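Common to both upcoming complexes is chain A, partnered first by chain B, then by chain C.
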Partner chain A sequence: MAYKRQFYPGTTSPAVARRRLMDPKVKLQKLREVPIEDVVKLMGHRNPGEDYKSIHPPIEEGSEPDCPIRKLVTPIDGAKHGDRIRYIQFSDSVYFAPVSPYQRAWMYLSRYRGIDTGTLSGRQIIEVRERDLEKMAKEFIENETFDAALTGIRGATVHGHACRLDENGLMFDAWQRYLWDPKKKEVKYVKDQVALPLDKEIFVGAPASMEDLRKRTTIFRADGVDMRDDKEVSKYQHRIHKLRTLGGYQPFKVKGV
Partner chain B sequence: MSSNPPAEYAGVPLPEVRITTNRLLSAETTEKVINGFEEIEHIRQITMSGESLPSKINSGPNKGLDNNHTQRRFVKIGGKDVELTKLVGYFFIELEVEDDKVLDETVGKIKAVCDAHIAHGFNLEIGRYSKYRPTLNDYRGV
Partner chain C sequence: MATKEKMFMEAVKKKFKEEPTDISTSYYKYGGWKQSKSKVEFQAAAEKIAKDRGFPMMNEDIGVPLGQRSWMPYQLSHTDIFVEPDDLHCINNPAIQQAWDDIRRTILVGLDSPHQTIERRLGKEVTPETINAYLETVNHTMPGGAVVQEHMAEVNPALVYDSYVKVFSGDDELVDELDKRFVIDINKLFPAEQAKQLKAAVGKTLMQAVRVPSIVGRVMDGATTSRHAAMQISMAFISSYKLAAGEAAIADFAYSAKHQSVNMGTMMPARRARGPNEPGGIPFGFMADVAQSDRVYPDDPGRAALEAVALGAIIYDQIYLGGYMSGGVGFTQYATAAYTDNILEDYVYYGIDQINKRYGGFCKLDPNDYDELMNLAEDVDSYSLEMYERYPAVMETHFGGSQRSTVAAASTGIAGAMATGVADCGLNCWYYSMLEHKERAGRLGFYGFDLQDQCGSANSFAYRSDEGLPMEARGPNYPNYAMNVGHLSGYTGIPKAAHVARGDAFTANPFIRVAFADPSLQFDFANVTKEIGRGGLREFVPAGERTAVIKG
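What follows is the complex of A and B.
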């Protein structure tokens, strides 16, 4: 019997959303269009149109050592060309952002090869070869995991994910990389992810309504969907907690769990 | 060199009103709220707190660059220009009142100002949330 991959337990909306984002067969919904030149500017690693800098010769030149693993693994496009490894970092508000950092890690690792991702409480960095990163970044700025008000593109000083929102409903940013445009009723980026002012404003669309976000979010919250209301998720959490605790201190007690 | 701490404390635990706003307030709203409080009697001191807005980029590759945050600016408070360095989310208002009747009246006036200017709601509590006499910390660097 072939093993069928499982993603996440539970029946509540955050549990279903988590499963959906992690499943590579599900195509994520595209909500906005941001040109690739703008994505490149937002990240600030190179100027649009500039050549990719490389850190090793292209693999096709055949200077790789003889290694069975290297023969086994198909390199991603950037690795083939010897691109540098660059990053994008998203910060997600606790106020019902479409996704939260930990689920970003699950989602990235489930959907992509050749990436390195790191989770912190309010932000999620993703490191990958530059030309692959640009494609991924465009995808993740345009799709349903990004909300103009509650997701931030922040390379440093990410503080704000657990702060109250500002009067326009935007997540706090000490460096004010993005602003609310009252005329267009959209959010515009005026600085790149490390706060270098941009030569043009980059619009990333209008924020979703709180009603919509509450339905789409992967975040369990006491004032939204409480994790304790999902029996299967609670059972799974308790099991992991018990195994971790006992496994760390009294492994001989791990029986029939 | 002075041996006195810079802050002036009442020495007794006067009642304090803590206002926690549901959203972080813009400089414009903060200015309106503070100027609204200006008219109210029996207020001894107002402390504002919130999220800091640095004047310069304080980390990363662009460290040292001007931040140019539109909310970090001078506001007019009681006719004076005061530089606001935070997106305000808390007000601590120390009241110099002698009985409950005056306290209730003053709190009512404070609430009316908040209702008029804070669009996204707030939470108002009465208690004592900060110290009222100097401690060793006040003498640090004096």
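What follows is the complex of A and C.
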């Protein structure tokens, strides 16, 4: 019997949202258009139009050692070209942001190869070869995982995910990399990831309504969907803890758990 | 203690002008760092220093603009003291430093072995009178007084007034015959039931609580404590019993002082690059015994656990991991979350209420009823996380996930320990909390401990030495806790909670428990948060200052 890949248990909306994001067969909804030149500027690793910096010669030049693993693995595009590894880092508010750091890690790892992720409480970094990163970054700034008010693009000074929201509903950012534009009723970035001023304002669209976000979020909360109301998710988490506990203590008791 | 009125309300109402349940506020308009009294003071001091030395020093305008949010004061839990976060930095707070000084400079040295040497080998009688004479002598030598050589440099007593030696024993008859000025009186300092347990555990041993000068630990290191004590004890024996200074038997005194003694910190592996008797070597059970709340407030077990948490936070998280291991500006705000603003207080007393409701009191949940233990853990952890979710002011107070995960897990672990009376059950609940927290919120802490917290369920009951230990014997030395920043506070509270719930007079070591009941210590270990607060208010007077030898 062929193994059918499973993603996440549960029946509630956060559980369903988690499954959707992790399933690479689900095409994530595109909510806005941000030109690739602007994405490159937001990240600040190179100037638009500038050549990619490389850290090794292109693989096709044949300098790779004879290695069975290398024969098995098809390199991603940036690896083929010898690109350096760069990053984008998103901060996600606790107030019903579409996605949160661990779901980001699971989503990235489920959908992409050749990436390295790091997960903290408020932010999630993804590191990958530069030309691949740019494609991914554009995708994740444009799609449903990004909310203009509750998701931040931040390389440093990332805190704010647990702070209350400002008058316009924006997540706190000590560097004020983004601002509310009252005329366009959109959020605009005026600084890049590491808070260097941009030479132009970059608009990333209007925030979603709280009503919409509450339906889409992956976060369980007491004032939203409580995890205890999703029996399957609770059971799954109990089971993980119990199996790990018994596995390290009384493995002979791991029967039918 | 009632939990109906949330215990954190006073603190969060003082921090924020909005209602604690409000999700909205304003930012970027408070005047930056100038809204902080301490930052203004720092800036003025730095400007003067820069002018005096001719090149720049600290400058609050460098780096991220501080003070974009309304500047928050912090309430020391179960006190009415509010301070600024800078006041809780271990370099700024002399009370925190003295707490570590008092632990590091303490060594417990038994008198039984030297007395046997004196009587059997040297043929001299040991009586209460000779012991009293010895104690007077050792209280001269320990601070740095000379007794054997005639032309000897000594230490200025004004620098080392905190140094002394006292004794204690479980033998009431012996204690009755000793000079009371040199006795740590178990009967007077502990409630009757605790005193009974401690005397039985200590037995007829006569133990010295040696306090070497704070300044010695600061100039040298933790390993010096046993050496300083051994040297000065040997000198005191030579003088008080009129012994030959060069006789081989004298080495027995030094040997017993160095090797038949209890250091506060156990040896650490070479990769930590620390000597013996440094904070990373202090087992959680020892630290729990240093904390004295349950001696003075025996009817408040919640306070006992919370004070142990506070002590663990300042010694392990702020000084050891934040300073010794990490270096730099350290982890102040991360660690202080566990002992400020009565947030962990609220969660711990909620857990106690649940234990009383569900089981009718402490230690009544069968440790083998694992499913019920998980139910309790789910309840307490969910309550803790729910408070963050329902009170955005509390969420913003603990604006880092590392703070929240420590505090939620500490409350869950303390509840598990109190419900069963078993520290390892509490530890297992800690890891339950971590997994549930991550699953619920989709976020936890940071790289430095997420890995350990996600695999910790597997070692919470293991006793194999490379994988586990009873919680009382674990410490920062335990492999998975070596860089568990912020967690070591909570870990300290777990064994304390288990043993307080059982009605035990001590957690791991009765000698340490008695030694830190001593009112002559500079730091009051029964009121840890209050002492830290006094440090923050600049009211605490530490020992080991050098003003006595500085002109002007």
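We take it that the second predicted complex is superposed on the first by the 245 of 257 C-alpha atoms of A that agree within 3 Å, B and C clash if a C-alpha of one lies under 4 Å from a C-alpha of the other, contacts with A are read in each partner's own complex, and residues count from 1 in each chain.
Note that contacts are C-beta pairs under 8 Å (C-beta built on N, C-alpha and C of every residue); 3 or more make two chains touch, one makes a residue touch a chain.
Source: prediction; values computed, not measured.
Novice: After the overlay on chain A, what do you see for chain B versus chain C, clash or fit?
Specialist: Chain B/chain C on chain A - steric clash.
Novice: Does chain B (first) or chain C (second) touch A:164, or do both, or does neither?
Specialist: After superposing on A, A:164 lies in contact with both chain B and chain C.
Novice: Looking at the overlay, does A:194 come into contact with chain B only (first), chain C only (second), both, or neither?
Specialist: After superposition on chain A, A:194 lies in contact with chain B alone.
Novice: Go through the superposed model and pick first if A:109 touches only chain B, second if only chain C, both, or neither.
Specialist: neither
Novice: For A:76 in the superposed arrangement: first (chain B), second (chain C), both or neither?
Specialist: In the superposed model, A:76 contacts neither chain B nor chain C.
Novice: If we overlay the two complexes on their shared chain A, which of chain B and chain C does A:155 touch? Say first, second, both or neither.
Specialist: The first partner, chain B, only.
Novice: Applying the document's definition of touch, where does A:172 land relative to chain B and chain C: first, second, both, or neither?
Specialist: In the superposition, A:172 contacts both chain B and chain C.
Novice: State whether chain B or chain C is in contact with more residues of chain A in the superposed arrangement.
Specialist: Comparing chain B with chain C, the partner touching more chain A residues is C.
Novice: With both structures aligned on chain A, tell me which stretch of chain B collides with chain C: 19-27, 37-45 or 109-117.
Specialist: Among 19-27, 37-45 or 109-117, only one stretch of chain B overlaps chain C, namely 19-27.
Novice: For chain A, which residues belong to both interfaces, chain B and chain C?
Specialist: 157, 159-160, 163-167, 169, 172, 174-176
Novice: Would you pull the chain A residues touching chain C in the complex into a rising list?
Specialist: 92, 94-95, 99-103, 118-122, 157, 159-167, 169, 172, 174-176, 218-223, 226-228, 233-234, 236-238, 240-242, 244-245, 247-250
Novice: Once bound in the complex, which stretches of chain A touch chain B?
Specialist: 155-157, 159-160, 163-167, 169, 172, 174-176, 179, 194-197
Novice: So in the complex, the part of chain C that touches chain A is made up of which residues?
Specialist: 18, 22-28, 64-65, 68-69, 370, 374, 378, 382, 385-386, 388-390, 392-393, 395-396, 398-402, 404-405, 428, 431-432, 435-436, 438-447, 450, 455, 457-462, 467-468
Novice: Which residues of chain B touch chain A in their complex?
Specialist: Within the complex, chain B touches chain A at residues 21-26, 29, 51-54, 57-62, 65, 67-71, 87, 89, 119-120.
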